[in-house]
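One structure below.
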Amino acid sequence: MLHSYPFRKLLNRAVTVLMLLAVVLALIPLFSILWHTFERGWPAISPTFFTHLPKPVGETGGGIANALAGTGLLILLASSIGVPFGLLVGIYLAEFNPGGLGTVVRFLNDVLTGIPSIVTGMFVYSLLVLTMGGFSALAGGVALGLIMIPTVTRSTEEMLKMVPTSLREASLALGATKTQTILRVVLPAAIPGILTGIMLAVARVAGETAPLLFTAFGNRFWSLRLDQPIAALPLQIFTYAISPYRDWQTQAWGAALVLVTLVLVLNIVARLVFHRDGR
Amino acid sequence: MAQGMEIRNLSAWYGSQQVLKEINLPVSPNQVTAIIGPSGCGKSTFVRTLNRLHEIIPGARVSGQVFLGEVDLYAPGVDPVSIRRRIGMVFQKPNPFPTMSIFENAAAGLRLNGVDKRRLAEQVEKSLKLAALWDEVSNRLGQSGAALSGGQQQRLCLARALAVSPEILLMDEPASALDPAATLKIEDLIRELKKEYTIIVVTHNMQQAARVADQTAFFLNGELVEYGPSSEIFTRPKDRRTEDYITGRFG
Amino acid sequence: MTIRPNLIRPQSSHQWQDQSFRLLTLVFALAMLGLVGLMVLELLQGSWLSLLRFGWSFLTDADWDPVFENFGALPFLYGTLISSLLALSIALPVSLGIALFLTEIAPQWLYRPISFVVELLAAIPSVVYGLWGLFVLAPWVRTHLQPVLSRFFGYLPFFQGPALGVGMLSAGLILAVMITPIVTAISREVIMAVPTSQREAALALGATRWEMIRLAILPYARSGLLGAVLLGLGRALGETMAVTMVIGNRPEIAISLFAPGYSMASVIANEFSEATYALYLSALMEIGLLLFGVTMLLNFLARLMLWRLTGAVAGTRE
């Protein structure tokens, strides 16, 4: 019976249905999250939501202007650390044939992607917050920058390796130095892919909360100073979400809507950039 | 008058595998020298040793001497980058830089040497004309080089190599990826260009060698079997193995 | 106009340029190693007080009492482990199902959109998961899931107690959703790396598609799939915000999945900036050190398996 062909076909059919079910099961939370974020966040959205500062506890209204600016500044800081760092390590791995050391660096880079971001936050806390004597935007930017490095490194390495050897040889045969070859020929050819990697890394750190808890810390007021605590969108969402005030909870959903939109747009644009020339 | 080359006792390895064995070959100035032989005989490696491109592959190694005029390219202290600016190369598959325009492709080598703007345009035009591409692209120099046809791309690569006014031109099966019409164009160009350049062309196509080359060298298993004027190699080969090859008995 | 650079230039500027650029990239590569070293050092130094004071009992003591300066991390270890295992036991079959669907069944035109949508799950920020968990998932668990579970499986100790919504069950569920994308992505790459000849061999024997999967794919991909599981587990262990918002944050060890718990990452998130004295801070640092060590180890093992299997290709996209 168990080995009869009709039964085997039935089993095959059943497993196929189960697989389809798995896909549906994964999509339910995604659509639920997107729907609820939109439905509950939309009422909070208004021009003042983007342009006003948070109101003191107990008062309704107010906005997330400081958190938006803070997140912008933190992303800028993080990128100015993570992008050059990752680019250079990626170039080293892809272009300088580093042998044993390369394997170690590559492996460690992969392992680093798995380090919980809250641990990175603790590290930066004891490295910068303790030594500088307080929470600061700078510390937050450094924490996010460290988180960006492995992603940027890996996409740089992969994309550089996809550039055909014939281009490198053409450039070297023209009498270009290796440095000129890398900077003028190989890197430009790999740029769309690397850009995608960078945008995905930015999308990831834009939503990071845990590493900011004790570095950037959050700020209810307008501040763009590097040596002061700074507000950030995800921090604001967290604070508002666990607060007992209905108005703040609505604002948490509103801020989540903004954050999710930002992150999704970054993700979609990143993929468009990469697929633009058919790769 | 261009420079000639003189190759003495040249051997090359990939790791422990020897791919060229004690090659001795004079290359006469302003002539076309064809390198023929079955695939895997070392002919591509051979031209890549002439501009020191072989050594960029990890584990690759060379011994012997290659003279360009009076200078041994493998003498200590010789800078491979400077060599490659005097020896142009065209590859098997057209490889224009995809992120650069037609103009920028042709100008790529000049930019490396910091040529000023006015002369740059002049030189680009001259080299595109030399490569017989000017008429086809003069009105769209800003377009991407990748948009050209295969044959045009290969002539763009030729222009790119010619723009820096090299003394030697190495061509590694320059027509193997092209259709017959484009191939014919490249062959005409080779005959034309030898007035100003010394040309070494690798080919697996014996008719092509017979058509364009003044001198032909036959390689087999990393050895230079026979060398001489093309007319003699293709009509009265001295070595039995050469005869077998050109009469199509192997390879 | 001809350019005739002098060929003989010992220590030429070209070499100098290439060497210094290489050196620059090398310095940054080494800096990456240095960063990891520094991280270990800082965490060790930070947790030194606690390490000296409590030794191994830190891992076995269930009492976390900042008021009396006694710190035992067992409740957090327990909460982290249980919520992560729960997550894995849900996410693994689902992810495997999606990966197999994509590689073996889905038509070409469905492949891209489905993988993209699953990857979007990974793009949603943790804090948004937490928000959704707190206001959507937890209430649903309280009103729908927990009553059903206690009605049908209430005789098991895991499904007893009041239905609170917030607790270990919700944390496990939300973690399951969060690790599904990475487990799926890596399983997919591992499965795609199974040679066609293996598939064809099974099909030539007269296997149905499912039999082909069971016969040829799963055994071949075994170690890679284990790698995917370990990476997923690593993610779950270190996940902070979403868990913090739904696990209940009570440092107690309860058998029931309905009960609130606490996780390692959550206790750091909640108490780190409020730790008022050195030993307290040090105990939290030690939890961070543990988290670092365990995730490092898991990732190390996982990458090892994936590298061996597919030569550093699989597991590179997530």
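Letters are used for the chains, namely A, B and C, taken in the order the chains are written, and counting of residues starts over at 1 for each.
We adopt the following convention: a contact is a pair of C-beta atoms (placed from the backbone, for glycine too) under 8 Å apart; a residue touches a chain by one contact, two chains touch by 3 or more.
For clarity, every value in this text was computed on a predicted model and none was experimentally measured.
Could you see whether A-B or B-C has the larger number of C-beta contact pairs?
Contact tally favours A-B.
Find the chain most remote from subunit A, comparing centres computed as mean CA coordinates.
Relative to subunit A, the chain with the farthest C-alpha centre is B.
Just by CA atoms, which chain is the most central one?
Closest chain centre to the overall C-alpha centroid: A.
Please tell me the distance, in whole Å, between the geometric centres of subunit A and subunit C computed from their C-alpha atoms.
Computed value for the inter-centroid distance: 16 Å.
Averaging over Cα atoms per chain, report the distance between subunit A and subunit B in Å.
Centre-to-centre distance between subunit A and subunit B: 48 Å.
With chain centres defined as C-alpha means, what is the inter-centre distance between subunit B and subunit C in Å?
Computed value for the inter-centroid distance: 54 Å.
By the touch rule stated above, which residues of subunit C touch at least two different other chains?
Counting only residues that touch two or more other chains, subunit C contributes 5, 14.
Going through subunit B residue by residue, note those that touch at least 2 other chains and give them in order.
81-83, 85-86, 113, 164
Do you know which subunit A residues sit against two or more other chains?
In subunit A, the residues touching two or more other chains are 175, 177.
Which stretch or stretches of subunit A touch subunit C in the complex?
8-9, 11-12, 15-16, 18-23, 25-27, 29-30, 32-33, 36-37, 40, 85, 88-89, 91-93, 95-96, 98, 101-102, 104-120, 122-123, 125-127, 146, 149, 153-154, 158, 175, 177-179, 182, 203-204, 206-210, 213-214, 217, 234, 237-238, 241-242, 249, 252-253, 256, 259-260, 263-264, 267, 271
Using the touch definition up top, name the residues of subunit C that touch subunit A in the complex.
5, 14, 17-18, 21-22, 24-26, 28-29, 31-33, 35-36, 38-39, 42-43, 45-46, 93-98, 100-101, 105, 114, 116-121, 123-132, 134-136, 177, 180, 184, 208-211, 213, 231, 234-235, 237-241, 245, 265, 268-269, 272-273, 284-285, 288, 291-292, 295-296, 298-300, 302-303, 307, 312, 315-316, 318
Over in the complex, which subunit C residues touch subunit B? Could you list them?
Going through subunit C, the ones touching subunit B are 1-10, 12, 14-15.
Which residues, counting only subunit A, touch subunit B once they are in their complex?
It is residues 97, 164, 166-177, 180, 184-185, 188-189, 191 of subunit A that touch subunit B.
Using the touch definition from the top, list the residues of subunit B that touch subunit C in their complex.
For this pair, the touching residues of subunit B are 68, 71, 73, 75-79, 81-83, 85-86, 113, 115, 119, 123, 164-165.
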